[in-house]
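Should a chain be cited, it is by its letter among A, B, C and D, assigned in written order, with residues numbered from 1 in that chain.
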Amino acid sequence: MDYQQVINNIYHEVKSLPVVGEVADYIPALANVDPDQFGIAIATIDGQTFGIGDYQCKFSIQSISKAFTLSMVIRHIGSQLWEYVGKEPSGTPFNSLVQLERENGIPRNPFINAGALVVTDKLMNLYTHPKEAILEFVREMAGTDDIYYDKTVAQSELKCANRNQALGYFMKSFNNIDNDVDALLDVYCHQCSISMTCEELAKSFLFLANHGINPHSQKEILSVSRSKRLNALMLTCGFYDESGEFAFRVGMPGKSGVGGGIIALIPGQLAIAVWSPRLNKYGNSYLGIETLERFTTDIGISIF
Amino acid sequence: MDYQQVINNIYHEVKSLPVVGEVADYIPALANVDPDQFGIAIATIDGQTFGIGDYQCKFSIQSISKAFTLSMVIRHIGSQLWEYVGKEPSGTPFNSLVQLERENGIPRNPFINAGALVVTDKLMNLYTHPKEAILEFVREMAGTDDIYYDKTVAQSELKCANRNQALGYFMKSFNNIDNDVDALLDVYCHQCSISMTCEELAKSFLFLANHGINPHSQKEILSVSRSKRLNALMLTCGFYDESGEFAFRVGMPGKSGVGGGIIALIPGQLAIAVWSPRLNKYGNSYLGIETLERFTTDIGISIF
Amino acid sequence: MDYQQVINNIYHEVKSLPVVGEVADYIPALANVDPDQFGIAIATIDGQTFGIGDYQCKFSIQSISKAFTLSMVIRHIGSQLWEYVGKEPSGTPFNSLVQLERENGIPRNPFINAGALVVTDKLMNLYTHPKEAILEFVREMAGTDDIYYDKTVAQSELKCANRNQALGYFMKSFNNIDNDVDALLDVYCHQCSISMTCEELAKSFLFLANHGINPHSQKEILSVSRSKRLNALMLTCGFYDESGEFAFRVGMPGKSGVGGGIIALIPGQLAIAVWSPRLNKYGNSYLGIETLERFTTDIGISIF
Amino acid sequence: MDYQQVINNIYHEVKSLPVVGEVADYIPALANVDPDQFGIAIATIDGQTFGIGDYQCKFSIQSISKAFTLSMVIRHIGSQLWEYVGKEPSGTPFNSLVQLERENGIPRNPFINAGALVVTDKLMNLYTHPKEAILEFVREMAGTDDIYYDKTVAQSELKCANRNQALGYFMKSFNNIDNDVDALLDVYCHQCSISMTCEELAKSFLFLANHGINPHSQKEILSVSRSKRLNALMLTCGFYDESGEFAFRVGMPGKSGVGGGIIALIPGQLAIAVWSPRLNKYGNSYLGIETLERFTTDIGISIF
């Protein structure tokens, strides 16, 4: 299939849609981004890469980083993790704290903020230098060393972290956080601040499209079974309260971030990254979802 | 692949597991079933059928019927349905009524009871004789006329329907139910009472494994896009509060019923039905889930 | 103290306030009432009566009837009732169903609708002819036979009772309703439809202002202790989600109804009834609360 | 009335009841207290004092301090406070965080922890040295300078404050906390650590039994209206989820603390303090509630 042609077509169709949605404004560093940037990149497991638009611009991956840290932790402790965080969709945003309270500080899944904090907390138990370890893992997956934390974004997030601090202290009151909450937030805000391009992002998720094997190095990152499970989690929980809708419309496992990026993949074939900073009310990129829906429709491929 | 060999092996392994779980006892008609029956059947889109154990015994399909009525309604009114029922996982059982109240009588998805009542209510608007229409649809999908309502089960359910009556009246207070609640429950309790064998069930879901086309008749039941969407809904919402767990462990779209049946499918390939009446705490068949997890592991196929 | 002078002054002050609030419109029979009627009546335990404005007009007492049925049931079964209904404020209206679900069908208190249905259900166990018994009790308390059900209102409520039907069936699914839900709603909608004047209402609550003794007949209706407890319940739960606010502003035990009536009392002294059909967002009479706040401020008496 | 005789009798009756309940153990400093201490003290507005048992032992007043800080803040900013905290009972403990989330960070009332944190936050805006100001206020109300913070308790609470930190950061994320959360918790944990005797406590609440006037000094602490309102809040919200029950059984405004102390009062007459460290499941003193129920029954006085 001529993926370059496919994304060229979609790019131009989607770019001409009426402009809707707002850039995330909860931290100044994100609010200042040019809202009309738009890029698409595809990486296939047989080593090809395709791209259009701003697919080589760096942007803040934000919550997409949760899939990296989850992979790192599952790789080391496997199913032990599920004593501390669940695997079920969370229902509504409203539920996050309700459910934490009802369920004794165990978050519903690793992709809501509370769950991602638990994952990062476990990662801090595994690595003496967790921030360095995360960056190293992402660079290895993407096949490039040109990936960094955006310190301005990280500091900006740390200053606006009251809600995440509340989650951290709340779970700590249930003994579900091991590390100091301030240290945890420092790592967490850094992982969210990683800057990557669509192209780098697409490449870095190929191991999940390739049954756990990094296709660059042929190294096993996750077992087949764990890779399958991580994809299942992305499908059921990767888009906050829009996860059902995304599965319904798009039908690929994926993960979004409030920076406007979305990564999605077709097991056995490819990973696709889209970036456009304008968000819908669920905090997911408008054009990103639009692009991916058209992509699966045009090529007639979904996991369903 | 030799599916017969695969299910033979799994059947014997799973049958020798320690006996756990209880038969659904909320209605006498279900409580009396022999708890140790166990059957597996596979139907492929190219027309083959495989089976082992009690795969030709009739059992009460219960909530599996929700996938039939949903297909019937989507076929006729398509996306209009989504004004009356959502597409997101429901979080917890606890949430059902909470969320109905918070969300003005709009159930979260068509597979929780409230949502299935809305679907059946719409179906009653479409057909003058809804009970006949449902049976006709199921028979056509299964390719046999030997499928009936179990009147004893239907009557038994009607007598124990207080919770569903509450849901019906509650949604009616939000104007989200059009028909008389008693009439609605009559149809609903009947659809749940349909008796089918594993073999019939596997065949009847082939249209969803075959992109919407009934492979017996080559008739389009649903468009490719609608078929994909129905599968996505089964994956994210088909197993109550265990949907995430099922996606995680098994990785196939499917639907369970408290009669102990589970239907699941691999798009482009096959449908598989398992039946064993002992249930886990989420109301899903213990051996059914065990069987399906081994099936995807053994054949190395899942949608992820 | 010259109560007539006190209420005359308040009546004129309050009547000149800007017109706000709407008449309850959930049933036609209530929506048609003249919204600008306004009456105040006081009855003292030493037998005096005072009134101004429309204090001799009949109006629909609605939820005020819950205090009558609760008195009747407590009189007979006393503390046994508290196995089926709680004594704590309910938090928010939103919580009613949530809490019913969380707390296994036991309503939080006898003044929310769910709790009042439980009380009426128990009353139906005690009396062969519950509707007659209620009317008889109210007539005896008010010292007049000229009190009737408004059949038009009762029928109108029965037709719009979906929410209460939902509550009834829901609690029945927890075995917390003994009688048939339709029969229960018939009695309940009748008790709400009782028509009384402010004067009759003030007189009929004197037994609760007089430590359980009906001052007309000197008959003990409730023991001192039960009378105290019923007053405590009215103070903490009598005004839905505005109960705290009412205690805060007014400081008297009382009960409101969506017909625009409010009854309140000062133990050892008097009962005061106010009626004005325009309601605030909590479903309580605007002028009613305004009047009672001024009353306790002007006479410098509250229970605090 | 011979209050000394009344409390002597109750003291001996209650002391002979079966031993039930456990001492609060969430901080070591409280867990080490002798669980079988028991004291009662009464102070009347005409200057008499009565006591029995350990009524002159110091104990940790804990949440009783919330009534002091609330009085201090209301005295200065009056009804402005109610923009930041509500006046309604909170329903259930479960609701605290739920409702904070639903109601945009506005706690339901000033006596749940979240609400008390808001009150202390406002107090910090009013006083340069809030800890000194609180101590000064309590000493003035009690008429003695022999009242101090227990530094061991305060430090112990600060070390176990994860839940309160979570509440603080959560409300700060809604801009409903002005001060630094660490500084806020420092003041809050200190106010909870105040040590007082039953006798001091009874005297210190006389201003609320005396319509806002400190009977020692005849100084107006609160206006009549504000004093009434503070009492109403204590009645509807002073005993956590047992507030309705306490009003029902006892019928006095009051406030409890997990140190085992309870203060209650009869407006126009007296304040009574009881202390016994064994708590019921709601965190209120077993013997304390037992004592107060007998007290109102024996003397036949309640506000109802």
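One rule holds in what follows: a contact is a pair of C-beta atoms (placed from the backbone, for glycine too) under 8 Å apart; a residue touches a chain by one contact, two chains touch by 3 or more.
Model, not experiment: these values are computed from the prediction.
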Maximum centroid distance from chain A, chain identifier (CA atoms): C
Averaged-CA centre spacing for the pair chain D and chain B, given as whole angstrom: 55
Centre-to-centre distance between chain D and chain C (centres being mean Cα positions), rounded to whole Å: 32
Gap in Å, rounded to a whole number, between the CA centres of chain D and chain A: 48
In chain A, residues with contacts to at least two other chains: 94, 102
Graph class of chain-chain contacts, one of line, ring, star, complete, other: ring
Which chain pairs touch, all of them: A-B, A-D, B-C, C-D
Chain A residues within the chain B interface of the complex: 86-92, 94-95, 99, 102, 108-109, 224-225, 227-229, 231-233, 235-237, 241-245, 247-249, 251, 253, 267, 297, 300, 302-304
Residue numbers on chain C that touch chain B, as the complex places them: 94, 97-98, 100-102, 162-163, 165-170, 172-173, 181
